[in-house]
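Following this message is one structure expressed as structure tokens.
To keep things simple, chains are lettered A, B and C as they appear, and every chain counts its residues starting from 1.
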């Protein structure tokens, strides 16, 4: 089994830019000229970016630039929206995700998603975690119990809920619900996590807890996080990408390491946005 | 952790698909069989003569003219009585009571219970009160009054919805202009709530026309053309019942009458649905 | 309170009207009780369940064969209509393409307005001979169950449809993001979320099944006996009232009012049980 937190088995996080020799960036998700249309309306256009394995990449930019649409196209959740068309290429570890015969269900096991508003199922805490596991083939009750405990420890919920696993998940606080949703996604052992503003619906205290959790997941998971909160992006991101609305649809303006985007941006728009002059 | 995806998951999904589609197919087939049968056997009998001539030979021959008239009269009585009471109650519940008021809660509760009362019990009630106690005997009036009691909950619920759909802004602006509540009601709110009212009206008509059990002991069986509201009159639903159960060889005309009744009701309920969707912008469930 | 005198007048007028509407239920119960009292006094309550049979002309008032008839017909039809109705709603929401789902839903909506006498008529001329060919006679508990099922199906289907429509989108997206296939999502997420609406639908359809008169009257054969097999003819409480009210006098007539009260009691018990069960369960 994999170690549950960096503190327990691996080296603590060190800023990537300070130890370039230790970490070799390897592209995990490669996006080429991706465009998305809702009917006739374009959400974003011609986005090309490479997401590196084991790193936290932040997607920043004002609302309405297509960041969330971009995120949901990566795990093909856009298939559920009627009238939505995606064109371009997405490769996950070499696999073409937009090919018609892609097993979408298997894909969504490899890429997990956390939504802006916590959405635990209207079931007990245990069932929230057990149900997806069973559906994906894990039947051994002991294994399930071990998995549930492990992921709940990983998200720091175990001590809070271990005595009431059969209580309804909807009775938990907002922060706890979001952490439960993260545990639910982690239980399936994904390789990447897509997070759509996971802290924006939470109070500052819970927000901090969830943020620490996300940082703790680095190296074990590839994380793509959409955030409005520039301070948060500065704190936790290894890489960043700026989206902006131009010519009526979202565009990717600049992408690079966090240090570069926030301290030495190349594009004047990026400079204006990260310094708070625009946005 | 989970490293393998068992293939039998596909089997379960496939089975579920088959189950769901089969259920839908079974339901569709049954209803088509039913409707098809009625239309097939009933259509050949329908003609203008059928719709206007009186029944002969206990209904085996002739038409349903007087019966349609009786039905219309019973409906008329029902609406004449239930509309004022229904609209008044709906106005009170929507505009003049708060959610906490005891009177409002009691009234709503009793209307809820009323909507669950079986139609035969309404028949018993109508018989005891209108026929016996008020001395109206088996008459169109008794039948209409009984149906009015049945139809009230539907009418009130829908009219109340209509009032609730009126934007709060109307009432606030009227109050700010110093208008009396009576004026506000009659000149602003009532016209705006008309869609809800109409939907309730149409639904009520549909429910009343379909009713049989409540009419058997209140409006009677006589199939002549009624001469006054105190005359006994036979409603269309009763006619179908009589022809099929008590008159041998009455099946052909029963089919035709059933087709007329079904066609009328489909029209009515279809209108109610359309009104609700386009005027009230919400879907109603005509259970 | 407003200064305008017309307002006060209007308020009292409306209150009066609402009081009339609210009083009807009370009146119904009162009149039922009043009409039933004579026989209850002569005969007592116990005999309605212990007399040798239902033969009012000879002074026997046992309601139990008809109670069983009502119960069997209700349970049988609810057991068949509920899964069919819920699956229909699932079909409309999650399996059917919109071009099929919309007419299907319309079909069920239109059919919910068809009067019971027409269903009964069709049952009488088509279903009963069919059953009679398999196992004579035709009029039977089975015919009653089939017709009742057809009649209450729209009730549960439409309630289920409305409940499924109210399931929050975020549950569906969350399930999709977890790679859960369609039926798993319906079974594991949608049904728990729609639980209370589905439950209400079942209660409504059961109430409708208990109260149904005409169709059951026309296809069940109307023999007063406790049915021992699906093919036995039988009579329900409602059919009993409809059949005998026309010529009943005195104690017989009062006894029919007693059965009316029993019907009201059954429905009240149903609604009460529903309230009690749902009290603890809604957030479960």
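Convention: a residue touches a chain if its C-beta (ideal position, glycine included) is under 8 Å from a C-beta of that chain, and two chains touch if they have at least 3 such contacts.
Computed from a prediction, not measured in an experiment: that's the story for all the values here.
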item	value
Most extensive contact between chains (C-beta pair count)	B-C
Per-chain Cα centre nearest the global Cα centre, belonging to chain	C
Furthest chain, CA centroid comparison against chain A	B
Centroid distance [mean C-alpha coordinates] between chain B and chain A, Å	54
Rounded Å distance, chain B centre to chain C centre (Cα mean)	16
Where chain C touches two or more other chains at once, by residue number	181, 184
Set of chain B residues in contact with two or more other chains	9
Residues of chain A whose C-beta touches two or more other chains	106, 109, 135-136, 188
Complex interface listing, chain C residues touching chain A	168, 170-181, 184, 188-189, 192-193, 283-284
Chain C-touching residues of chain B, taken from the complex the two chains share	9, 12-13, 16-17, 19-21, 23-24, 26-28, 30-31, 34, 37-38, 84-86, 88-89, 91-93, 96, 103, 106-107, 110-111, 113-114, 116-125, 127-129, 133, 149, 152, 156, 180-182, 185, 206, 209-213, 216-217, 237-238, 240-241, 244-245, 251, 254-255, 258, 261-262, 265-266, 268-270, 273, 283, 285-287
Chain C to chain B touching residues, read off their complex	2, 4, 6-7, 10-11, 13-15, 17-28, 31-32, 34-35, 83-84, 87-88, 90-91, 95-96, 104, 107-122, 124-126, 150, 153-155, 157-159, 161-162, 181-184, 186-187, 204, 207, 210-214, 217-218, 238, 241-242, 245-246, 256-257, 260, 263-264, 267, 271
Chain A residues within the chain C interface of the complex	75, 77, 80, 104-109, 112-113, 115, 117, 119-123, 131-132, 135-136, 168, 170-171, 181, 184-185, 188
